[in-house]
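What follows is chain A paired twice: with chain B in the first complex and chain C in the second.
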Partner chain A sequence: MYNILQRLGGITSFAMSTLMALIVVISLTTPLLPSNPTHEVTLHSVQTTTGRMVDPFDRTSRSAEYARLTFDVDADLSSMFNWNTKLLFAFITADFVSPGFDTNRVVIWDRIIRSKRQAKLRLRKHHNKYLLRNYAMSFRGVEAANLTLHINPVPYLGIMYDKSMVSIPFSIPRPEKASK
Partner chain B sequence: MDFLRPVFESGRIDFKGQSLASSLATMLLVCSGIAAFGVGYSMERLSLCFYTYVLGIAVTYMVVLLPWPFFRRNPMVWLARSSNGSKSTLVDSPNQSRKTLVEDVSDDSDDAH
Partner chain C sequence: MELLSNAKKYGVRSLLLQGLTFLSVLTSAFMIWKGLSLFTNSESPVVVVLSGSMKPAYDRGDILFLHNGYSPIAVGEVVVYKINDKPIPIVHRVMKVHTENETGKQYLLTKGDNNNADDRGLYNPGQMWIQRDEIIGRVKGFVPYAGMGTIWMNDYPQLKMVLLGTLCVLSLFSND
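Moving on, here comes the complex of A and B:
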């Protein structure tokens, strides 16, 4: 602290340490902020069809069974926006148990919510955005299927974590032609 | 960069002033960090938090970096230089340790004899 150069170095290094402490405090206190989101997922129907995986008009490409879900989503996530939220990533997964595989998780729908204005979700008779098929090409022996809405708040500073909100069980039927 | 040396090495302050500058810098930076958290949280804007903190750093630079008069209130008082010539003291002194002490000083007082 004797001359200007020493004071410059001292102040700047302590300022950077304090900045780091400020960032750590912000990122540690962000998950403790209160939020009360409301959420509800209703499943209307599950239809299953067979289709060719690569090219529907190519008879040599393998066929697989695809499920088509119809669901409603009602959610108000605006209270999850605090001063350290960049965006919310909302997604619905279908989890099920198939022969030989205990955990299968397929993302069937997602949405990036960037502001409080977009945070009120109201979807009616919505279909899955991404294809739902089993790894073994058919839904034979598939059981304990669950539809789960996850919210992943993305902060400006700090850690990301998944919040699974609501989970509803359902069953995936076989297509009519295959079950005969 | 030698031409910058007089700029950097200027602004010397006394010992009491150095201690005051050190504690003042610590206090100002910690307070501006706390104020930045408060402002950002109450305004719900993370960018406002960091702008407040940058403002705090600028204020700290203004207060502590420059050699303000309140840092130079207790100037160091040096002992008065010994009036008799160094060469004669060196010869006459019966005490060995005192002799070396005077010998050290003798470099910058060539005009004494």
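Moving on, here comes the complex of A and C:
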């Protein structure tokens, strides 16, 4: 007959394979769950200043140009919360073309949304949380700037499917030249 | 002693067969790992999160499945990177991407969701950006807590000894 170790082994291996199958099923089905988020970003103004911020690891930070944006965000992301959503990572990027660089994409604001209650965003006259500067010191020759809201859902378990880009890009005016 | 008596009982051939089975299990595990590595273009396609710097998205002991591929990195992606000359891989989110026109070379800046500052303090002294080839992979799949055993074994090396010991003792006393 079977002894206790063999029984234990059998139960464990069955539990493991069931768990594996469940993990695969959950991972594959979660991205198919429907959602209809609403989102809107409005840009009020862009101001450019020179070298106010100091980054201890960046020697050029004192003399570089920084853009300060003022924007509104209206979004209702609560429908993106399903039973396998741990959190939503919402972030706004500014992207632009500069001489020598065909894509520059910088996160200027982010927020971790952990519940349906937090998922209704209504921000008024917010400024960028992170510094916006070019790879070069100045914004000279920078064109085709866009502001985009991205949502990146993080599941409790499974595939990191990307529902970002669900937003409308906005063009931001070319930052004014810093006074010379 | 037992080995000798076993050899007498079952014959040398069956002992060799046992050794062969053991070896084939080992090599097939190694082959699967290397095959995955080749498929994902990543030196380690499965990693365990070692720090809480990506809380609340990922915590210590979670297992991440990586895919590196050959395409350029996009902003907002969670990547695992390893700075040249530093042994520990780090899981953080990409916050800035600057791509050069001619070479396609990417200048990337990362930050942990739970950290206040970006990662320039973690890079080599004087290093401002990380490059595409320092990235081991982007996070594609996620299983929570499954790597907790690795964390415990890292934190308490005695545990490893105890586990190995029990395995040895069990294999001595098992009769198949």
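The rule we apply is simple: the second predicted complex is superposed on the first by the 141 of 180 C-alpha atoms of A that agree within 3 Å, B and C clash if a C-alpha of one lies under 4 Å from a C-alpha of the other, contacts with A are read in each partner's own complex, and residues count from 1 in each chain.
Everything that follows uses one rule, which is that a contact is a pair of C-beta atoms (placed from the backbone, for glycine too) under 8 Å apart; a residue touches a chain by one contact, two chains touch by 3 or more.
Predicted model, so just to flag it, every value in this text is computed and none were measured.
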| item | value |
| --- | --- |
| Partner chain in contact with A:Tyr156 - chain B first, chain C second, else both or neither | both |
| Residues of chain A touched, compared between chain B and chain C (which is higher) | C |
| First, second, both or neither for A:Asn84, with chain B first and chain C second | first |
| Touched partner set for A:Thr103, first chain B, second chain C, both or neither | second |
| Contacts of A:Ile26 with chain B and chain C, given as first, second, both or neither | first |
| Residues of chain A at both interfaces, chain B in one complex, chain C in the other | 156-157 |
| Interfacial residue positions of chain A with respect to chain C in the complex | 23, 27, 55, 57-58, 86-87, 89, 91, 93, 95, 100-107, 110, 112, 114, 130, 135, 150, 152, 154-160, 164 |
| Interface residues, chain C side, partner chain A - complex | 56-57, 74-76, 78, 93, 95-102, 107, 113, 120-121, 128, 139-144 |
| Residue ranges of chain B in contact with chain A within the complex | 7-13, 18-19, 21-22, 25-26, 29-30, 32-33, 36-37, 40-41, 43-46, 49, 53, 57, 60-61, 64-67 |
| Residues of chain A that touch chain B when the two form their complex | 1-5, 7-8, 10-11, 14-15, 18-19, 21-22, 25-26, 82-84, 156-157 |
